[in-house]
Amino acid sequence: MILLTRKADFSAAHFYWNDQWSDEENFRVFGKCSNRQGHGHNYTLEVTVAGEVDPVTGFVVDLKLLKEILEREVVSVYDHRHLNYEVPEFAHTIPTTENIAVAIWRRLAGKIPHAKLQRVRVYEMPDLFADFYGEGA
Amino acid sequence: MILLTRKADFSAAHFYWNDQWSDEENFRVFGKCSNRQGHGHNYTLEVTVAGEVDPVTGFVVDLKLLKEILEREVVSVYDHRHLNYEVPEFAHTIPTTENIAVAIWRRLAGKIPHAKLQRVRVYEMPDLFADFYGEGA
Amino acid sequence: MILLTRKADFSAAHFYWNDQWSDEENFRVFGKCSNRQGHGHNYTLEVTVAGEVDPVTGFVVDLKLLKEILEREVVSVYDHRHLNYEVPEFAHTIPTTENIAVAIWRRLAGKIPHAKLQRVRVYEMPDLFADFYGEGA
Amino acid sequence: MILLTRKADFSAAHFYWNDQWSDEENFRVFGKCSNRQGHGHNYTLEVTVAGEVDPVTGFVVDLKLLKEILEREVVSVYDHRHLNYEVPEFAHTIPTTENIAVAIWRRLAGKIPHAKLQRVRVYEMPDLFADFYGEGA
Amino acid sequence: MILLTRKADFSAAHFYWNDQWSDEENFRVFGKCSNRQGHGHNYTLEVTVAGEVDPVTGFVVDLKLLKEILEREVVSVYDHRHLNYEVPEFAHTIPTTENIAVAIWRRLAGKIPHAKLQRVRVYEMPDLFADFYGEGA
Amino acid sequence: MILLTRKADFSAAHFYWNDQWSDEENFRVFGKCSNRQGHGHNYTLEVTVAGEVDPVTGFVVDLKLLKEILEREVVSVYDHRHLNYEVPEFAHTIPTTENIAVAIWRRLAGKIPHAKLQRVRVYEMPDLFADFYGEGA
């Protein structure tokens, strides 16, 4: 078994806010991330798949296909969007790095033929990232 | 004469829009950057100053002071903000990478003691940046 | 369960030396790292914590708190210090990348509320790093 | 137990081609990678070894020795070479990132004294890499 | 006046060889780069243009157009190619980093509307790059 | 004319101290950099040379020779050294990034055949660097 990882980038706006809380409580917990005009990031996504190397192609997964799946399922939906306002899974879920990793896992699960989705890593900044290995992990 | 460059980071939301134009024209020129909900970036700012090395300190400029100036004049104003809605110079100017570089130059000009502001470089993404050398350059 | 990783930097001096050995033996084993005047590095620390995402905040761990813990427990002690002479755990232990990773683990273990310390990674240079997963791992 | 990872670089040419297929089939599956003149990459290799920290040296593995092994077993054979034409393991195996990772594992297995080979990671580009953990993994 | 720089990547094979010389002389001067099977690199191209910021768009140059020009004039010709055998300007000119920078300048000169081509930078490796400012510079 | 830039790395210890000042004054001006045990950095050096491309070799400068010169004149003297105590030019000059850039210029000036030394850039950290263009610049 071998693991293959491909990166993709998207630029998006977001903010952190819990509707159940007062403005003061949101600011106390989320600090400057609670600014409701939003701010943004250049996110980097790393998707890892696991499988056997196909002896005919030398591939775990067809790279062009993997790129198309990431583009269609994630990048075309998140890139140049405001996550809180325009991406449905964040209508009632705060788009933290952790929650974005889980959401991308759910978008990709079952979509990659002949290989197992192993890990979704999301960098919000070069010095902060979240890893998700799936619901049962 | 020697040049000293210091980097700083800020994360902000923005979009490109010309009020004189129709929605269609904005989309035609600015593409997905015209989405008015905004998207965002991790911007990197590089500020270069020029001067003589002070023989007593070995510095062109006091680094702690330079860091404070960048923080006070730029980062505290731009970081975790929506540039179009919350930063005054972009109320009527589109926050392109070029215009952000010019705006930061104007914020810093004349503020750095004992050294000449030489260049402001702004990276919107790792593969796109603008350089401004001042009004008369 | 999800993993969250945060980076921090510190700049420190060190050298490699075993007091039980002759100068020649130290030089034979440690090469130029045995120079007792010391040399130094920009170290990068990556701390990974594991836990459930809090549905109220979307966080595995409060990021501001995590940053404060890394600053208080590690960066304020190691940064701009000579590890051999000024950091107590290296008085009788050689500050190799491996030993620094173990020492940072011990400084952080039990200090991060609501999450499990999963991994400490230390880069001495961009092309050399050590990972420690804890005493029983 | 602790893990130590060291990087090394090599620049090589390669192309993807299956002799059992027609030119059209090769182009359909491998796209521009099927150009038989070859193209090339700056590959980055990350080799991870696992072991106990030697209390006398503070090392899992002697770093100078590890560097020599990587140089002798891999870099001197792959660097500035055309993988398809000049490296024997790719005479009949397509040099995909996956297959290169497996081949490097086989070149290194059993060659590193006092430590266990844990993982071989090969970057073909900064946004694409393969990980191999050994035949039984 | 402001400068805008955009990066692009291409992966290509090449080797260094002077037909006027013996094999020994080629190896003496070019070392392992003289291997005629070729080796390869992930090249990074940085193209800098200079101009006034258009007050209507905030752009020095239309970014989508600039990207298309780089793709059409350079990347589509060089990427996944063997420079010596497949790119006409290197049929009789050695594809050193210096000569690649000059060749890309000539491909781009006069092709970028409303802005002046200012600099072409080519990275062969992260630690080696050439800059060309044009024939008269 | 074309410019060629090559990078090299060295790891060294240093501190900032002016013997004419009291301990308090040194701490006031230099902060944690004034710790006389020293701290350290992974420095990156970028050396740029300018010249005509030799039509026979395609080189501005012989790369193997340039690498040897950087190794002999700079890296072998600075790497794994304590700059204040072991490098003669810093016996009475504070090893700030600015002064290191000037010192490296003086070590290299006149040593590179067939090309003009154009710029010496020294990174102390990824976010701080100094550029020196020579005494008369």
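Letters A, B, C, D, E and F mark the chains as written, and numbering starts fresh at 1 in each.
By our rule, a residue touches a chain if its C-beta (ideal position, glycine included) is under 8 Å from a C-beta of that chain, and two chains touch if they have at least 3 such contacts.
Nothing here was measured: the structure is a model prediction, and the numbers come from that model.
Novice: Going chain by chain, each one touching the next, work out the least steps from chain B to chain D.
Specialist: 2
Novice: Starting from the defined contact criterion, work out which chains touch chain C and chain F both, please.
Specialist: Common neighbours, chain C/chain F: none found.
Novice: For the two copies chain F and chain B, is the contact made of the same residues on each side, with over half of the numbers shared, or of different residues?
Specialist: different
Novice: Roughly how far is chain A from chain F, centre to centre by C-alpha average, rounded to an integer in Å?
Specialist: 41
Novice: Find the geometric centre of each of chain D and chain E from their Cα atoms only, then give the gap between the two centres in Å, rounded to an integer.
Specialist: Those two chain centres are 28 Å apart.
Novice: List the centre-to-centre spacing of chain D and chain F in whole Å, with centres computed as mean CA coordinates.
Specialist: Between these chains, centre-to-centre, one finds 34 Å.
Novice: Which chain D residues touch at least two other chains?
Specialist: 126
Novice: Output every touching chain pair, sorted by label.
Specialist: Those chain pairs which touch are A-B, A-C, A-D, B-E, B-F, C-D, C-F, D-E, E-F.
Novice: If you look only at chain C, which of its residues touch chain A in the complex?
Specialist: Those residues of chain C that touch chain A are 1-8, 48, 53, 56-60, 62-64.
Novice: Chain C touches which residues of chain A in the complex?
Specialist: 16, 18, 20, 29-31, 93-99, 101-102, 126-133, 137
Novice: Taking the touch rule as given, give the residues of chain B at its contact with chain A in the complex, in rising order.
Specialist: 9, 11-14, 32-33, 35, 37-42, 79-82, 85-86, 125-126
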